[in-house]
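Report on the structure given below.
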Amino acid sequence: MTRILTKGLCSAAMAGLLSAGAATAEVKVGFIGSLSSDTGRSTLRGAQIAIDELNANGGVMGGQQITLIEADTGEDVTEGIKAYEYLAETAEVDFIISGSIDDVSLGWLPRMQEYQIPTLDTWTSYIGIIDMVVEDPEGMAPYFMNIASDEALATLYINFGADVLKAKMGWDSVVILAEDTAFGQAITGLVTEALAPVAGIEVKDTIIYDIGTVDFAPIFSKAQATGADFIYQVSSVNSQVISSQYVKLQVPMAMTGVNVSALGMEYWEDTGGAGGGISTLSPIPSVGFKLDPASQAFVDTYQAKYDTRPVIPHFNGFNAYHGLKQAMAAADEAGGFKDAMAWSKAMEKQDLILEMDGKMWLRYGFWGADEVEEVTQRTYPHNARFDLTSPYEDAQPSMVVIQWTEDGDVGVVYPPEYATMEFSVPSWVK
Amino acid sequence: MSTQITWKHLALWALFLGGMALLPMLVGKGTLRTIIFANYLAIFAMSWDVLSGRTGYISFGHPFLIGIGAYTTAILSYRFDVPVGISIPVAVIVTMAAGTLFFLPALRIKGTYFALVTLAFMELMYQLVQVIRPDLTGGTRGISGVQTLTRGAVNGYYLSLALMGVIAISLWAMMKTRLGTALSAIGMNEEAVEGSGLNTTKLKLFAFMVGAGVAGIGGAFYVHYLGSIAPRALFDINFLFTIIVAALIGGASTIIGPMAGAFFLTFLLEYLRPFLPGAERYFIYGSIALILYMYEPKGLYEILRKARERLTGANA
Amino acid sequence: MSQILIQGLLLSGLYALIAIGFTLIFSVGRVLNLAYGAYLMLGGYAYFWVVQTMHMPKLLGILVAIGVGVLAGLLKHRLIVKPLKSDPVAVEIATLILAVVIQAGVVLVFNDSAKIMHPIVNGVWRVGGATVTYNILTATIASWVILIGLYYFVRKTHVGRAISAVSMDVKGAAISGINPDRINMITWGLSGALGAIAGVFFASYTQLSPSMWVAPLIIAVAVVIVGGIGSIIGTLIVAHIIGFMEIISTTLVAAELRGVFTMLLIIVVLVMMPKGLFGRGEL
Amino acid sequence: MTVILELEHVVKRFGGLVATNDMSFEVAKGESVGLIGPNGAGKTTIFSLIMGEHKADSGSIRLHGEELTKLATHKRIRRGVARTYQVPRPFADMDVLANIEVGLMPDSIMAMIFTAPADEEARAIARSVGLNDADLHRDPAELSMGDLRKLELARTLATKPEVMLLDEVFAGLTAGEIEQISGLLNEKRQEGMTYVIVSHDLRSLEPLIDRAIAMTQGTFVCQGDYATVMSDEAVRMAYLGH
């Protein structure tokens, strides 16, 4: 404890000295998120590396250096609001980058609307926030989310259902195991209303479980009793409990779906290997995702700089790294962050295409306010650009399906354009 | 105990609130934002104190009451476009009704068991908000974009200060009367109060209604200040922890105590932020709270009182 | 049906193990230790660190967990319960603050992402339409062994009888030459050990996370409230009521209402029968 | 002679234990009655039943002919009966004056808020039981046992009872204090107070009472003047064991 405390005090004191020394104009970036979660750290470190690189290249906006100010939310909603206020009023930052989870972002959003500070969310994919941009384009103008929103995530999953689960595996029926949260309900709704009819998979039953469930044995028994061909899980809170019990109980039924805990490289270590066979959709770039040279360079820098978890940044780390640079570029064009509307206009135009082997691999851009996405027939203003139809020429898909094998490998299994391995069922499933 | 209200008291209140009113000219907006949270926490702590600090019925479910007030007005104004002028009073009434629900177990159980049943109330509410009508409550994500009453730190500050000031003075004046004495007496020996010919059920019910009413007012204005509401922000052990610790660290059974406690805790947490941005902050914050509580369970108020006694004693 | 029976027995065994250490303190010290859940957390993390981070034998992991639990219990008694003179409300509040401090401490040391433990015993057993992992079976057997052992310890040994005497009547026990302070200290240490073992099994069932202390605490509270100031047998019975209620509501009613039923049971029992189903019995 | 307090066939069980077994007796206005019996005879239970701290299982308890059994404790106090406790438990964090003031409070929330504390009356009561003015602003913890008993009496007197139930008023007192309290009780008696007194200290009790009621194991044994009761065979058996 003393060590950590001293370290904290020292670094704070050093930061104080440094900022006192550099009395020239500087750009202040605020980070809001949990400093003790892999998620929060991914965004924080992604932003930090981008800032280091920009500063090393002579700064931004005519040579201004960027400083990063951290505000911890502890993944607590009220602390999140306080953290946002701290960044806005005490630290007086120019731009905020967020690695917040859904309810924390929703908590501080009214503050963002009030302060009109340019803000980029890299983790939450809640479509409700994009709806807020649709409804209040002016108040939400400084807000951007550079991860595909969850509606888009789920939509691509339907194709996975048709192409792989139905066509390749030959499964006709499913039982949904969904957690009792807003996220669980939203995804369950999409699966029941879209996956089933489009892919021709019958939903035998939907079992909603309490997120505090200790013992999943009766729930798995209930799922088996429906006689469905496979289980579709929807789990964002304590997801490793359900997946590890699935593995420990060797439930003789295939399971796929959404399992948020399996999105990071630490999944294997954290579950002690009790996570083999689990597949989940993941935002891009996921673990096991082939990286373009620019993103790979980022990971190399990251690994040279940090030796604590996460060993590889989560998708939001990439989003923060590329997104922060885009935000600075937009500020360069708009003459800074002060005029939030001007910055917002410039940010909308940011478009970074990362190529791999001569073709478009990843694209960091945003949907325009009036652009209607063809598959879902709706607009996604200020949301990361994605492409829902093969061969993904406009942008990368909204998500990929990844799978952890029983020996600890992880790879992308869908869509085929991005796949590194084949979808399979665990060995104990016949 | 039952000293009369004197001009000196009123002058001190005027000095305190007047000084607070001048603060926006002296400190930055960031500090004001911090004080706003302290003001609301002070309201919650005072409300807890009326209900628990005085009567000794320790409530571990106070967030239940605050949450009911907050959710009622949030749902009414956000989902049904009810004007805030109506939704807030309705929220307060609903919270007071919930306070009576809280009161039912207090008829039969006290002490440890009462604390536990209130904790169960809070946990139940946490579960129910997510399950029942998520289309209204917003489920786990809650509601964002609830109408805010003020914009900017200064306005928010004055609103919260006015609320806290009015509540503090009203409660203080009420507790200066024989009623306050009787409520404190319940905390010391309930049978003897009943044995003095006083209807303790009625007194407790009144304390619960006042406590719930204040919690409802606080919760309703709080949500219209935050602009968002989520179950994890309200029905949470950490929130409960902050309220109780504020009341106790400051000094239960006083008005100034919970206020002082709320300010102390909020500022402690905020001033640690630049030095310890991460989880260390909660560790230090909790440890300081624990040590203070162990050192003097009656709180800062008692520590200062003793110190003053020692000083004046030394002078005399 | 057999599946409900098997799963109910397994879960209830675990719940009894979780609750017993809490009951012990409530019975002997007359205080609620709201930091009880933190014993489970400390035990679980200690085991995880020894076995999965340091790759040492599982038995050593369990022993270290017990050691940490005993130490935590003794420290808590020495530094919190004694100075507060066992005032129930003060202890409740102090232990609540302590639990929050321990939670922050665990985040500092282990960070806040959840961790899954390897099964203590590997493998599964399919029986009567239910799948039983050997891990859970071990937990249940351990729970029964510990409870029966504790029962005989309290009935047959000198220290056990002294504990039982203090639980019934502190003054009376003091008159008959028992040092209640020493007995209290032993009980806190014992409760810490039981909590830590329960923590290892609970975590191997679910996960390790800095906020994991709340769930077992609520289970323990439910058992104590529904059962009344607990006896060992009462704890066992009520753990089965709650465990079976949970399995039945999950299997036959609605899985999402699991927690709601437990909370309602607590409230209803407290309001209808404030002294619990079994009232105030000897340990 | 008007009967003020009457108990008729009162029964109280605690689980399997019969604490009060068909007790009946009457107390006349201005009378002083001693309730005697060995430890565990159920004397204190009778007080609790009269005050409503425990509810009688059956039977009738009347004050001025009015049935008390359905009334809550505080209502019985308002009807004019009050008790003291074996172990005085004053309001620990309030000074002596405030302690007495609680007994003088009106039972209405509005009145509690809008009336000033009756300090003068409290002071007068304190003086009447022999508490010094210097003690009025002390905390109960600083008082001697004798002064605690006086405070207990003062708190009880503040409710203006007609019948006082005194439980072990002499326990823990010095001879001088006993004399003082006895004198005080006699003084009040001159003013028309009715007493039911429980005491182990029979010697001190004797001069205070007109009549004694003996009970054992919750059951009535006999009654009459002190000498008659004490010479009763059954009383000697129960009380003295010979």
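Letters are used for the chains, namely A, B, C and D, taken in the order the chains are written, and counting of residues starts over at 1 for each.
Assume a contact is a pair of C-beta atoms (placed from the backbone, for glycine too) under 8 Å apart; a residue touches a chain by one contact, two chains touch by 3 or more.
Note that the structure is predicted; figures quoted are calculated from it, not measured.
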Quiz item: In the touch network of chains, how many steps separate chain A from chain C on the shortest route?
Solution: 1
Exercise. Select the chain whose centre, defined as the mean of its C-alpha atoms, is least distant from the mean of all protein C-alpha atoms.
Key: B
Quiz item: Taking each chain's centre as the mean of its Cα atoms, which chain lies farthest from chain B?
Solution: D
Exercise. Let me have the rounded angstrom distance from the C-alpha centre of chain B over to the C-alpha centre of chain D, please.
Key: 41
Exercise. Report, in whole Å, the distance between the mean C-alpha point of chain A and the mean C-alpha point of chain D.
Key: 74
Quiz item: Roughly how far is chain C from chain D, going centre to centre by Cα mean, in whole Å?
Solution: 47
Quiz item: So, what's the distance in Å between the C-alpha centres of chain B and chain A?
Solution: 37
Quiz item: What are the residues of chain C that contact at least two other chains?
Solution: 105, 107-108, 112, 256-257, 259
Quiz item: Using the touch rule from the top of the page, what residues of chain D touch 2 or more other chains?
Solution: none
Practice problem: Could you check chain A for residues that touch two or more other chains and list them? | Solution: 1, 4, 36, 180, 210
Practice problem: If every chain is a node and every touching pair an edge, decide which shape results: line, ring, star, complete or other. | Solution: other
Quiz item: Quick one: which chain pairs are touching?
Solution: A-B, A-C, B-C, B-D
Quiz item: Residues of chain C touching chain A in their complex?
Solution: 3-4, 7, 10-11, 14, 52, 105, 107-108, 111-119, 124, 129-133, 135-136, 202, 205-207, 209, 215, 246-247, 250-251, 254-259
Self-check item: Of all residues in chain A, those that touch chain C in their complex
Solution: 1, 4, 34, 36-38, 75, 180, 207-210, 212-215, 217-222, 238, 240-241, 244-245, 248-251, 261, 264, 266, 270-275, 309
Quiz prompt | Residue ranges of chain C touching chain B (in the complex, touch as defined) | solution = 31-32, 79-80, 83-84, 87-90, 92-94, 96-98, 100-101, 103-105, 107-108, 112, 214, 218, 221, 225, 256-257, 259-260, 263-264, 266-267, 270-271, 274
Quiz item: What part of chain A is in contact with chain B in the complex they form?
Solution: 1, 4-5, 8-9, 12, 35-36, 70-72, 74, 76-78, 81-82, 85-86, 88-91, 102-103, 106-111, 113-114, 126, 128-129, 132, 180-183, 185, 210, 237
Quiz prompt | Complex contacts: residues of chain B adjacent to chain C | solution = 56, 58, 60, 104-105, 108-109, 111-113, 115-117, 119-121, 123-124, 127-128, 131, 237-238, 241, 244-245, 248, 278-280, 282-283, 285-287, 289-290, 293-294, 297
